[in-house]
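Order of writing sets the labels: A, B, C and D. Residues in every chain begin at 1.
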Amino acid sequence: MSIRTIVAIVFFSILAVFFVFTALMLSFGEPKKTDMDDYIIMHTQNETGTNSGVTTIVFDYRGFDTLGEATILFAAVSGVIMIFRRVKK
Amino acid sequence: MIYNLPFIAVVAMILIGLYAVLFKRNLVKMVIGISIIESGVNLFLITLGYRWWGENGGVAPIFTSAPSEAVKNAPESMVLPVPQALTLTSIVIGVAVLALMLSLVMHLYKHYGTLDIIKIRRMNEE
Amino acid sequence: MNWFELLTLHSPALIVAVPLLAAFLTPLISKINDIVRNLFVLIMLSITGLLVAILGYDVFTNGIRVYVFGGGVPLPSGMTLPVRIMFEVDAMSIFMIIITIVLAFISIIYSLSYLKNQDGLDKYYTIVLLLIASVFGMELTGDLFNFFVFLEISCITSCALIAFYIHKKESILAAFNYIVISSIGALFILFAIALLYGQYNALNMATLASSIEFTFFDKIALVLLITGLAMKAGLVPMHMWLPDAYGRAPASVTIILIGATMASFYALLRVSFTIYGNSLAVELNKVGNSSIKLNMILGTFVLVLAIITIIVGVLMALKQSNLKKMIAFAAIAEIGYMFLAVGSWLVALNDPNLAVAGFNALKGGIFHIINDVLDIGLLFLVAGAIYYATKETSLNMMGGLARNMKYTTVFFIIGLLAVSGMPPMNGFASKLLIYESTYLINPILAIVAVLCSILLLAVFVKVLHSAFLGPEIPDFKDVKEVPKSMLAAMGVIACVIIIFGLFPDMIVNNLVQPAAEALANNSNYITSVLGGGA
Amino acid sequence: MSEMSKIVRTLSNILFPFIMIFGLYVIAHGHLTPGGGFQGGAVVASGCIMLLVAYGSTWVFEKIKTSRLSVFESLGALGFIGTAFFGLVFGGWFFNNFLVRNGIIFNIVPKTGSTLANFNTAGVLPLMNFSVGVKVIAGLFVIVLVMGYASSLKEWKQ
């Protein structure tokens, strides 16, 4: 049992206690506050013209996140191509 | 009836993934462990946005196919849309991190000839 | 609305959008030839630099600027909570952006000649631009989930850049360690953001700051956020990725990696002072008559880790034989100094007689960010120059390089004096501020800090002797000086270091002072979004 | 990955158009039904990867140059950030939905319920969906193609 595994076990058990506590205390199904989401559900149609509540958030209310997401995919692809650049016939 | 069963599932996935990353020696198993933690956190995001309504639960916030009485009392009957958008982003992040890690694992296998992290670290020392 | 006001109005969004646009265009433009691509990257960076200058001038003259994406007014009609994503730029973010744009310029100019004969360069410049854009995004954003997205972009791009030398097996292993640790850290941060969203249904930092009442879940979210961000900033228990990552990456990439680490440090400050600012005075438990508040616990925790970081950083630096890893451990020690300053400010937050010393410590810590970035950056550029000239990284193989690499030796001496805090250089100014204030709070801290700083000096004098002075090594006889653009990059940093060292109050008064005030009280951070509500 | 048998190749030829149609449908109707650029792009990319597996990565690697695919990906990304910049130019704010109600195409506000006339709605969103879809198709296909081809080379089989 090297020191590395002992440290790993201690780290694992502390985090396990944290996560189990949060899971048991949270209440499923009745969120405490929902005013931001209610605003979005009520205003999707006439403010952004879509019928789908999720797509308005992905592309209009929080569109900048999706731009970040597109750059993540772009970065991953150019990263993989850069790592495999020596692969010639 | 189901109290917070989804949250227990989330914690189980996160702990399994963490176990795989911390204690497994094979590189590919570590990568699988990280994607399990990733899906655990995504499940946690989705279950935070659920809202119980009427007798058979919340309705998806999409107006094309929503039943008429759900559309009438709109905000209470529909599930929260924001966590679903956040999960979309986090899934794509999971794909990107996975692609990069697997290409690095392929290169490590080409350079070191083994997938065992302990052997690789020992080879790297000297 | 002439074009200047239009540019100031839209500058926060454009500072992130212009590098992104450049990154998307680079693969297409690099099909023409290399010179056009390098010119294009430099032009786009100078446009971003112009925007940073405009935004900086605007924020320093008339306060915090809020930029809403897609809408005009922060609060939609009839709502008390913002819905859209917002960029919130105050004096502290401007301070960090100036550091990032300086590092970006130096890195690109340095890499023009440092990586000239490498292949796969068009992908390299694309990913460097994405990394710069993501560090800008991390420092400008006012939205927690948006910060997580930019943190993840900086993770992926810096991992790809660390693995740039794919023929070297150590850099691939360093990249793998880096991506594993930072993706787990980022997942913990995402879990904490989900917890906060579950509690307050708000992702905007200002809204969270005003509505936090420090329940059980906020404690867990704070712990997860601090561990995740400290893991990214290189604090002791999770610092193992930093020496390999800094040591194995090309020198021009390491400069921007330092900027990304400082952005994670800034985020740690932003989370603990702005979002949890109001709950720092929450009384957790009573010992005798004195009540132990959150800031006392958080402060002692950060102080203990800071002291261990400094000691581990310096001692490990003594033991290294690889030049780049030695400088990387010195960088860890410098990060320890910043956490020392922040921890002492946290400890001295609420008791009246130490308030001035605490604020001086915070000013010293913030000033030390820019000093450390410049000193460690200069040392890494020198290490890159040695590697470029002699293709040698381990110290015991080098010797007598001063004969034909005169300028690099001069720059190394300047960097050496600056890192260990000798008087003429900028390191001295900020470290003195930190020593004074931590001494008032707890004398042991200042004593350990001074000792380790002297040990750092010993480390680098050893390097100076073994690498530069010493007898002539036969196979280094025909070593010639590094090309002009690398010397220019090093020269710029050296001049800035000397200017900061000779006139520190010029920087402290009109750059560090507003940043420290912006960080200390989060009230106008909240009111500029929620409109006087909080 | 070497080539599959004849039966698998013909079957994948037959199946491929249906997967493409479904994927493009999911991209096109992103603002009406659940789905959008990312999900539809992933479906079409899985169709392409099915072809890659059926025909073997060495054959596909000669046919399709990765540089041309990354050009497609850059175009998709430029389309997306270009629409955001147009929002700045026309609508006054970065990422503004300037086509709703006063644009020339995609400007109608939809009614609840699934009526056929709803396709021409939601302003900027369909444009962003298309560009993100192109980007995801090209991106995912390039990743799997490069990995597949690299693993089929001699030096990787130690």
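Definition applied: contacts are C-beta pairs under 8 Å (C-beta built on N, C-alpha and C of every residue); 3 or more make two chains touch, one makes a residue touch a chain.
Remember, predicted model here, so these are calculated numbers, not experimental data.
Undergrad: For the pairs B-C and A-C, output the one whose chains share more C-beta pairs in contact.
TA: A-C is joined by more C-beta pairs in contact.
Undergrad: From the centre of subunit B, which other chain's Cα mean sits the farthest off?
TA: The chain farthest from subunit B, judged by C-alpha centres, is C.
Undergrad: Give, as an integer number of Å, the spacing between the C-alpha centres of subunit C and subunit B.
TA: 29
Undergrad: For subunit A and subunit C, let me know how many angstrom lie between their CA-based centres, rounded off.
TA: Centre separation, subunit A to subunit C: 24 Å.
Undergrad: Taking each chain's centre as its mean C-alpha position, how far apart are subunit C and subunit D in Å?
TA: About 36 Å, centre to centre.
Undergrad: Need the CA-centroid distance for the pair subunit A / subunit B, whole Å please.
TA: Each chain reduced to its C-alpha mean, subunit A and subunit B end up 8 Å apart.
Undergrad: Going through subunit A residue by residue, note those that touch at least 2 other chains and give them in order.
TA: 22, 26, 31, 34, 36-37, 40, 45, 51-52, 54, 56, 58, 60, 62-69, 71-81, 83-84, in rising order.
Undergrad: Name the residues of subunit C that each touch 2 or more other chains.
TA: Those would be 20, 24, 27, 69-70, 145, 149, 152, 156, 159-160, 163, 166, 198.
Undergrad: Going through subunit D residue by residue, note those that touch at least 2 other chains and give them in order.
TA: If we look for residues of subunit D contacting two or more partner chains, we find 32-34, 38, 70, 74, 77, 81, 84, 94-95, 97, 110, 112, 118, 143, 147, 150.
Undergrad: Name, in rising order, each residue of subunit C that touches subunit B in their complex.
TA: 145, 149, 152, 155-156, 159-160, 163, 166, 169-170, 172-173, 175-176, 179-180, 183-184, 187, 190-191, 194, 197-198, 203
Undergrad: Provide the residue numbers of subunit C that touch subunit D in the complex, in ascending order.
TA: 10, 13-14, 17, 20-21, 24-25, 27-28, 67-72
Undergrad: Where on subunit D is subunit C touching in the complex?
TA: Contact set of subunit D toward subunit C: 70-71, 74, 77-78, 81, 84-85, 87-88, 92-97.
Undergrad: Which part of subunit B faces subunit A closely enough to touch in the complex?
TA: Touching subunit A from subunit B are residues 2-8, 10-11, 14-15, 18-19, 22-23, 47-52, 61-64, 74-75, 78, 80-82, 84-86, 88-89, 92-93, 95-97, 99-100, 103-104, 107.
Undergrad: Across the complex, what residues on subunit B touch subunit C?
TA: 14, 18, 21, 27, 30, 34, 37-38, 41, 44-45, 48, 82-83, 86, 89-90, 93, 96-97, 100-101, 104-105, 107-108, 111-112, 120, 124
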